[in-house]
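Each chain gets a letter, A, B, C and D, in the order it is written, and its residues are counted from 1.
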């Protein structure tokens, strides 16, 4: 097997037969589907396929086949589509995240999939007509030139893939739906001109506009009735379009509301929940100030989380991925909290996987002096006040990246201070069981945190004593 | 920075340029968005925006630009919209329940949001035409006068916010949908007149009615066909309207049933549940009297609770808010039950958060004499009979705000009496674990309740002995 | 207060004024709403209200006011509606299952509810016209005669209540929807005749049919366009009808599919589940014979239970009702199982509330000889084979109402025999914990069942020995 | 009872009366409904019923009754339908999977069900008309010939049953819906010709096409209005069709979107989930490489499981069936894992019912050397690397059908090696509790697995020692 043949693959046979060898540039390096140039190429093919789908039917009904610009356009398309076959047969694909660059596997996949429509679309029917003098042959034969449309499905796949990465999927589906409906309406309009002719002797533009108008009037089931079929063939065509239109309309109506609802599922679910809560609050005559507080809490939750329940998403993942995502999400905490700095990866994982996110509203007591505590807290966002039991003496303010509650856990004594949220606070709670387990496994962590706890505990006692003396 | 400039903010520049300094009343005090006057002002702006949206297109198609009343109206609108810019740039806003009255923050927010549409809407295009003599200039230039419509989105937001506080949100959405459809139909009607002219030489009112009739006939997809387009421009316009109409119709159909279903979600869920239960009862041939009893139970639940599950709503709230709401909801119990009077807030919270609501139907035995009991009950609504074990001797009737079942718990003895519900009773159950925990923490409560329990226990024994003697 | 006045209530005043005293039959006994005669009366009023709704608009548009039969009909209606006021003000109502027969409460409820529409409907407008000579007065005044329509809402409530007891609620809603649409179409047809007149000079029947045809053509959004409005009033009327039609159509489309889906929710849920299971079975290539077995199991479940989960329905009920329903559902077991006969109600309740329903397919081993067992079983439906451990010796066949498995539980020995289901069996399982608890509380039950167990155990040993000897 | 009579059943009486005795072939052997020949016969009857439904109305409206081919066709149909009665009365049916071949039960079921429509359809009305000379009698009498349509419901049942076994049920429902709509449109078209006649004097084909065109234009609510009713009867007919059309359209629109959504429920649920996860990943700015890994994991889950949760399906089945299905699904494991070979069925069941499926992504650590382990694993798909604790020494690669993790469980020692997934792995986990329970019950299994564990443990130590020596 010559290397050239290996490169050009089955597409090469075709190329040789059609004498397009010159475009067979030696590209022995495989093309990655996520390569920017490849994606650009796909967009060009997409644009070509769509313009072919629009222009070809028009050229057939208005007998524009002699028109040299059109023949040039057709020639360009054939070249483009042939190159695309070469490109496609040299593009790797991925399976479960593994990139398959084995030429055999690629060829096999291509031959079983998009090769045949690609090939049909690349057949130079228009040019053959031009060469063979069949150019002016009318009717059914001309329809063969619609072979270009075989490129459309692949192009639409490009559209959905390209868009999929950037656009909201519900909006994308809506756009694709509209795109297909417009294309279908274009084909129906052209067919109607083909079948009904031009009884009023209109100029091409007016004729097409009237035909398009008739199509849309019928598809939307409006049916003014100013344009109606007269012969049997026209009547049967109209029946067909009406049936398609009815189905299409059902599809659209079933989809539009659905799609609009899905543009922001999280937001609409959030709104629904809030509505339910507010109805309850109103029904039970909860005072307006309390209603506002509750609404503020939910609006905070929404703005800081967009209604996503981190936990349920993570729970579905296997352990390996769960750790990666958790580490990433909490990387600020890990970077800020001094205990974690320089700690081993295993130790951090152990802690991270056992943190529970909790929210406190402004003024909430997080721990109360004198109570027995079973949790320590890391501050992810917001700030808290450390105060004496009677809330008269203000010891300190802790901010994001700091932690508290470890004294009671380590030294087995009641909470030494009351801690209140100053604003909305996102905290992570670490419960005593995990705390003790981790301490026993990682003695170096135990030492660090005990030293810190004792230092802080004595500080509080000093501050408390000092302030009492005042 | 002069105080005046600080006050008028960016709006001031505009005001000075347009010589409307007289309206720049010194309002250095910030406006609260929930101020009654501010809300009244918003309603005035809303009314102005809607009337502008209705009148301006009519004035364009019927060339009413010379009409002095209209110019007066336009002048008024410009003044109103300019004042609204001043008002808006002096209105505080709230973020997570905190009121932001910092001038810089307000200005920044306003400039990034509603300022530009507000400014465009306030441009005195109509007046400029009047002054510059362009008044009679026709066609496209006149469309510039639609700048007033830029005020509509903000106005519609006022509508939804004002309504939102009072009206069922599903009804509000329905009303807004209808409002927007009517406005759209109005614009379409005016456009149709602009494009199709007045071929039948109708008077303005008839012309508008016919155009509106054509619009609605098309949007509802009825399409009588008595008015159809003739030129290319008209035809293309109709195609556009038909496509909009089809989408709009899909939206409406998708929404109406949905909205109607959501007007009372709780009720429809309740009905569905009842329907399911009744089908089961019928299928299993449960006797009619039992079916009625079950239906009565559910109708009681509905009438006393509207299908809200208090528990699930409270469970989602953070502790601080949960306590506040629970205290409020049970404030009648707290006020009526003697033990709570004068008790500390902490003690009440402890009890309140641990009460479980239960319902008993008339005739149900709540406790049975001789059984070992693990709960005590507070009566929230309804009344119960205290009876001897054989139900022959009636000791007492307890009503809302009273409690029972504490004897068996305190004195570790079997229930001393049988207690039956006289009617539908809403009780709160306090289980033994919480009871014991609270007793140990609050010895003063232990004393009060023990004294009461002993007194009542001896009363029952006396009554029982007395009645047996009879 | 005279007794007569007390009886006739506020309706009496009206009666006296209108000199209809003769219908004030002394009915001091209160009418129960579920009385058969009362329900018959409601159906008569319903029929009268519907026929009034159909006839009155026709009589107005065709000027049939001189027609004596119509006046007789109107007179009859007035009498009927007046009597209905008397009847309604003497009908008790129920609140949470309690029948309220207090005259004051009834009067208050009636005056706040249906009294006013009842009163308006009963005003003898038609007769007044007849008497006052206004009979031939045309136009707007005649519309006053539509006062009879005020009876419709109440009548439709009768319809839904009467049907509700017998018909599937989804079908009933569908019927009500169709009924209201037909009535609306009738009113629209009549209004169209009133507004458009009779330009083609048709006979009344043809005129009405054409008008009704136009109405339906418009409401269904078909809009042939053979009948179109001409003046401003007609055009505005058509716009109104189109808007109503669009809304109505949205409602119908949103409802029909929904209603059809709800005609048999249980069945469609069952079908959906089965479909899902079968797709799974096919995808995993489960052998056809196994697929059939699984399908048979589900078809049995469906045919014997209609997809109802008895447990979840019962769980929602309060204890008192749960016991009643359980006792009823299991009354066959209670009647058949010898242990229950003559047992106390408390004992039966205790057992019944702790039974768990289980299904076995033909050939399933329920207990295996030699195993340690923790449950006994009551046979509710089907039959089982009692066999030796090697399944060679067949000891007995037990059928519905019998029980087994008690030997191992009572005598603390391994299962003495293997028991297999002969066909689909509905059993109730009683677990060891409940069994022991009940035994300790009810010693008489312990004795009975121990005696039975020992007798049966020795029988099996004898049989086993006997068969082995063979 | 003569055998012949017993055979032909009630159908025999009919046969004798009509002198069709010759077709009463002696088929004393019962026909099974799943017999291939029987199913072929059903398809023939289905085709006959559909062609009768299409041809008969056409023959009535175009007065084709003299046409000899039609009479032949009618004769054939009658014979076919009579034979079908004989066939049906000799076909067994199944009840809960039991095949009922008792002639009495079959006859009873048939007489209560399909016999009467079968009989009516088989009445030779057309032939009677031919014989009696009523052939040319017009109008209402001819409608009697529609008796053939009584065969349609049964035929449609054949259609749904035949398709049900092979086709996606959602697609089948869509096809059936389209089939019924086409048949309905055919009947409506024929009725319209019957009622409106042939005013334009068209040839039969054109007349039918126009009528069909009118029908579809009306049913899809397009309503061009080029064909409109003129007399009262025509108008009423149109009203009827419009009402049917409106309902039908609601049904279709309500169904199409629903059906399309249901063609692959599993896929659309999977897509929805993935969409949700991706929105979350994007919102939280998870790095693209991690996003891809997570997407790959879900795409693997989809491709290997199609979104089916094996567990939830099995959980619903009774024990007997659960074991059968589990054994089948895991038969590869059972065949490959050496411990299972030659083991008793009870032992295998015990293990199989306690396996939990788990998935590991490439690179995941399944067990870590030095940790205390509580599970052993069977590899169902994929391969794993056995490595030293520092992952430097590679001991072995285990593939599908092998197991690991048993050493730590058996010998109560920490994991001797680290095991990592090489690729996506489907494993089954067996937890320590089940493991210990099974070991104690099946000592022979304990010996086998202990021997294997010790051998492997020493191999690893040898390998580890050997590699360390290098």
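Note that contacts are C-beta pairs under 8 Å (C-beta built on N, C-alpha and C of every residue); 3 or more make two chains touch, one makes a residue touch a chain.
Just so you know, these numbers come straight off a predicted model, no measurement behind them.
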Classification of the chain A:chain D interface as same or different, half of numbers criterion: different
Chain separated most widely from chain A, comparing mean CA positions: C
Which of B-C and B-D has more C-beta contact pairs: B-C
Inter-chain centre distance, chain B versus chain D - centres from mean C-alpha coordinates, in Å: 46
Intercentroid distance (Cα basis), chain C paired with chain B, Å: 33
Multi-chain contact sites of chain C, meaning residues that touch two or more partners: 221-225, 249, 253, 255, 258
Of all residues in chain C, those that touch chain B in their complex: 96-97, 169, 218, 221-225, 228-229, 232, 235-236, 238-239, 242-243, 245-247, 249-251, 253-255, 258, 265-266, 306, 308, 310, 313, 316-321, 324-325, 328-329
Residues on chain A engaged by chain C in the complex (per definition of touch): 221-225
Parts of chain D lying in touch with chain A, wherever the complex brings them together: 205-206, 209-210, 212-213, 216-217, 219-226, 249, 252-253, 255-258, 260, 275-277, 279-280, 283-284, 286-287, 290, 292-297, 299-300, 303, 358-361, 363-365, 424
